[in-house]
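Right, one structure below, let's go through it.
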Amino acid sequence: MKLAMIGLGRMGGNMVKRLAGGGHDVVAYDVDAAPGAALAAEFDSVSAANDLQDMIAQLSAPRVVWVMVPHQFVDSTIAALLDAGMEAGDLIIDGGNSNYKDGQRRGCELAEQGILFADCGTSGGVWGLKNGYSLMIGGADAAIALIAPALTTLASNDGKGWGHVGPVGAGHFVKMVHNGIEYGMMQAFAEGFELMKAKDEFDLDMHQISRVWQHGSVVSSWLLDLTGDALEQDGDLSSLSDWMDDSGEGRWTVNESIDLGIPTPVLTLALQMRFRSREKDAFAGKIVNAMRAGFGGHPIRPVSQDE
Amino acid sequence: MKLAMIGLGRMGGNMVKRLAGGGHDVVAYDVDAAPGAALAAEFDSVSAANDLQDMIAQLSAPRVVWVMVPHQFVDSTIAALLDAGMEAGDLIIDGGNSNYKDGQRRGCELAEQGILFADCGTSGGVWGLKNGYSLMIGGADAAIALIAPALTTLASNDGKGWGHVGPVGAGHFVKMVHNGIEYGMMQAFAEGFELMKAKDEFDLDMHQISRVWQHGSVVSSWLLDLTGDALEQDGDLSSLSDWMDDSGEGRWTVNESIDLGIPTPVLTLALQMRFRSREKDAFAGKIVNAMRAGFGGHPIRPVSQDE
Amino acid sequence: MKLAMIGLGRMGGNMVKRLAGGGHDVVAYDVDAAPGAALAAEFDSVSAANDLQDMIAQLSAPRVVWVMVPHQFVDSTIAALLDAGMEAGDLIIDGGNSNYKDGQRRGCELAEQGILFADCGTSGGVWGLKNGYSLMIGGADAAIALIAPALTTLASNDGKGWGHVGPVGAGHFVKMVHNGIEYGMMQAFAEGFELMKAKDEFDLDMHQISRVWQHGSVVSSWLLDLTGDALEQDGDLSSLSDWMDDSGEGRWTVNESIDLGIPTPVLTLALQMRFRSREKDAFAGKIVNAMRAGFGGHPIRPVSQDE
Amino acid sequence: MKLAMIGLGRMGGNMVKRLAGGGHDVVAYDVDAAPGAALAAEFDSVSAANDLQDMIAQLSAPRVVWVMVPHQFVDSTIAALLDAGMEAGDLIIDGGNSNYKDGQRRGCELAEQGILFADCGTSGGVWGLKNGYSLMIGGADAAIALIAPALTTLASNDGKGWGHVGPVGAGHFVKMVHNGIEYGMMQAFAEGFELMKAKDEFDLDMHQISRVWQHGSVVSSWLLDLTGDALEQDGDLSSLSDWMDDSGEGRWTVNESIDLGIPTPVLTLALQMRFRSREKDAFAGKIVNAMRAGFGGHPIRPVSQDE
């Protein structure tokens, strides 16, 4: 099939490569002209677009446009696509990390103009190019039918890695929960490894253990595989900070748990331990120490002896 | 009544003062002679003992001895008391912060020699001297009857502040749970104050809020009172470290929750946030970051950019 | 001073009584005419209004109107007040449990018409009538000055129980955090009491312990006082469900923690244990059991043997 | 090599089969004669022992005996082995789910008699027979050398699935942490699936999602594979209880976290949610409701309206 890809960063660029390798024709566009030109040079089936009008002109109706831009630029990209000539019957797919509620709103707005919309959550990271992605897509049947051949190519395992999980919004909802679970799993491994590292008397080899577990144990997983790779290079991970960032989906998952009144203690704590990792002089600790000094008997470490 | 107090630190010393002020005769002993001499000089009804033999000689059967020493010295103190001449029918009270299981063991061992034992948990800190303590005591009725007049003096509010809560072990068990709850309450306040302090747009006055809440709100409590006192002196608590110590009872509470299979998520998290406060470069965070770098897309802060 | 009160439910009605008892003139209005008539009959300084026009007519500029209605009716009440003739220079106070962001929006909208707005968080429950409330109010100085005499009467301890904590929004923000802390404290007590009740070997008396702790211990608090009152009537609380409701502020507190990136593990868990209490057949448990059956060795309890 | 296996339950029996299939000679013993007879009938290289004396007589020094019995029977089995004639230089391996501290004690006790000891944690469940186990073993080099050929056969992937992780105790310590992590991962998945199931508007297909995620997503893992298998049979898991059991290692992990002062919030909460799943009428909830009724305004659901 033929489709356009907007946004040629690491994710979008890799997806163009995988699509081209799978026999699809791709019109590639990015605000930076360089990656599109490079992709067009590498693949006969890829052409670069100069701007959105050019991109749309290279497609024939019903046009299929995959948007792979940071979530704060999705709305402006969709607006620009409408200005550039997208028409009723065309399909826009948001493949980034949007909040599912934004997807629902976008779907409604585009439907008023007869434009199809689908929201696709994408997991697989930098390994997706080689191994295929895991894709969760939401939208009407007619929308999914238009993009299905590309999804089958993008997905891992001959297309087993994608699923039409529900109406518009469902794709990013499922991806959001996926990431929430991911946070929980990562924190579980992190706590376990920290506990083992703290057990000085056994002088355990973190890398060795990660490998033994990867062969036949209940915790074997892709995350453990990645952990083993990192520990192989540096068993102390001494070059890494312990400051943990987050990219939004974990927060949305907890907010959803609160909206639905469903307990998610482990997913929540995994997120909050990331917040905690960023604090260097927590007021909470000072409050506790103020109370302990107040009711007495507990000598409080003054700030100067902190290390 | 007449009793002996072993251990004249802040807690034991204050208790002697309160007992003497309440009309009791106290034989005071400490490995350091100074505090006993000072108390004897201050109160006619207090005499200092030179050693445990002297202390026991100053009591008449049935002797009542209150042990107020750090928990690691309780066993050796009891052994020394037996050597020094404690006899069947006498009573030993452990008033420190012992694990209740140690109290049960001690009670059994002493019972074999006919010596009564009671375990008394004491709350109230440095304010107990003035306001009276809250005392939870475990032991046989005969044991509690021997010490009851002293308990009534030590307790706050004309004796309302003490209770015979059960058999030997029950006193320290109830005190242990008390401290577990205390951890949870302290952490609840700490999190709330931290959240308010982080809300820059409102520029909230922590001290003012602590005082408003203390008058008529649902969270009014002694801990809030102490917090307000500390915030009055320094609204930023800038002289205090955020490194939170713990003194054992919180750990025992969580261990008990695990033994009984009873969920205590809040008490547990309050304890674990104390552990977290002591970590300066947590391996757990590095493990999470190693995974994030592995599946890609997430730039990881190198250790050198940590601040 | 003279002011109007809209909403004469338990909270609003009690506040009218306390204001009248403090020498203020109150115009009382509710969609139900009965409570206003009853208050007017009881207090000379209270008059009932037939409708909002009548209410406004009974006030002279600058008019002060306290709105004490469920949060979903605040917007419609304000709209009706504008229709009924509120003018530039008048003051509207939202004294209910609104989200602080709604207060900020309302403040902006009313400011465009020159009408002053203040948001007041109120704690104290049914005890406020007798003991005075704890009141946290946000707004401009000019707004607070208009309502200050009434606040001093409503508050506990000769006015110590109220504070002007910041600009519009700050009042409900501080009240929101107050309730988040309240959730944490309640859960801490709940876990501790459950742990003690589960310790069969000591056969502890929950009521006795709640009273001993209330006299001089570190956990003494109003919440413990209330717990003791309930346990006095029924030590097993056998007439109460374990299904825990929540009223919104706890959720908002956790959402705020996520917005600000501040860890609040204890406040969060307290909320989520309320959610958990409402589940009777949790899918989460079934998922865990499906895994345990899958990797083997763990016999899974079929649903029919559940009790 | 030749070794004996004591305990022919599901785990021990499967291990004998895998050892026999790998060319080893096994003397099989169980208190129940049937499984040993069956194994001996199936494999030429397996012989059944009538009792421990017979078993030992069938081995030549240095004898290697693998103990695979419930942890409460390990001490009595070792005692019986000593009575039956185990000698200095022989090796006993505890392959069950013992606490690592018991292993350390056993290692010390056996060392006094010159008998080697190793503690081996085993993961892989019922799938180990076919796919090989993941084995973490602790002990002296001399001990591990004696058993290494059998470990290579038992382990998955041509022996990659076993590791000599440290001295005696280290094997069960690492397995304990493995299981702690397993609890956290399982709870993370459970919370995520529950959240998706509660999102009625999307009517999500749990089985479909588990399969899509298994192909290329970050959360792909053996546990997810097992979840997908279960959901394939019954998307609602309606035949399963939500009552979650635990087998001890999760508790030990949290106790270790407390001993070491290392925060493990996610592992801890995963365990405590299992405890919570077993409560049908939690006193904690009643305490919270008693307070809510006390400070007023909150109607409390009486026990009779519980559903």
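By letter and in written order, the chains are A, B, C and D; residue numbering begins at 1 in each of them.
One rule holds for everything that comes next: contacts are C-beta pairs under 8 Å (C-beta built on N, C-alpha and C of every residue); 3 or more make two chains touch, one makes a residue touch a chain.
For each chain, UniProt lists the protein as follows: A, B, C, D = 6-phosphogluconate dehydrogenase.
Being a predicted model, the structure only gives us computed values, none of them experimental.
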Neighbour overlap between chain A and chain B returns C, D
Comparing which residue numbers chain C and chain D contribute to their contact, where sharing over half means same and under half means different, the two sides are same
Per mean C-alpha coordinates, the chain lying farthest from chain D is C
Between chain A and chain C, the Cα-mean centres are separated in Å by 39
Chain C and chain D have mean C-alpha positions lying a whole-number Å distance apart equal to 48
Here the gap between chain A and chain D, centre to centre from mean Cα coordinates and rounded to Å, is 33
Flagged in chain B as touching 2+ other chains are 124-125, 127, 187, 189, 191, 194, 198, 218, 222-223, 257, 262-265, 269, 273, 276, 279, 284, 295
In the complex, chain B touches chain D at residues 218, 251, 254-255, 257-258, 261-265, 268-269, 271-273, 275-276, 278-279, 284, 295
Contacts from chain B onto chain A in the complex sit at residues 10-11, 124-127, 186-187, 189-191, 193-194, 197-198, 222-223, 226-227, 229-231, 237-245, 247, 265, 269, 273-274, 276-277, 279-298, 300-303, 305-307
Listed in rising order, chain D residues that touch chain A in their complex are 123-125, 127-128, 131-136, 138, 155-157, 160-163, 165-167, 169-170, 173-174, 177-185, 187-189, 191-192, 194-196, 198-199, 202-205, 208-209, 211-213, 215-224, 253, 256-257, 260, 262-267, 269-270, 273
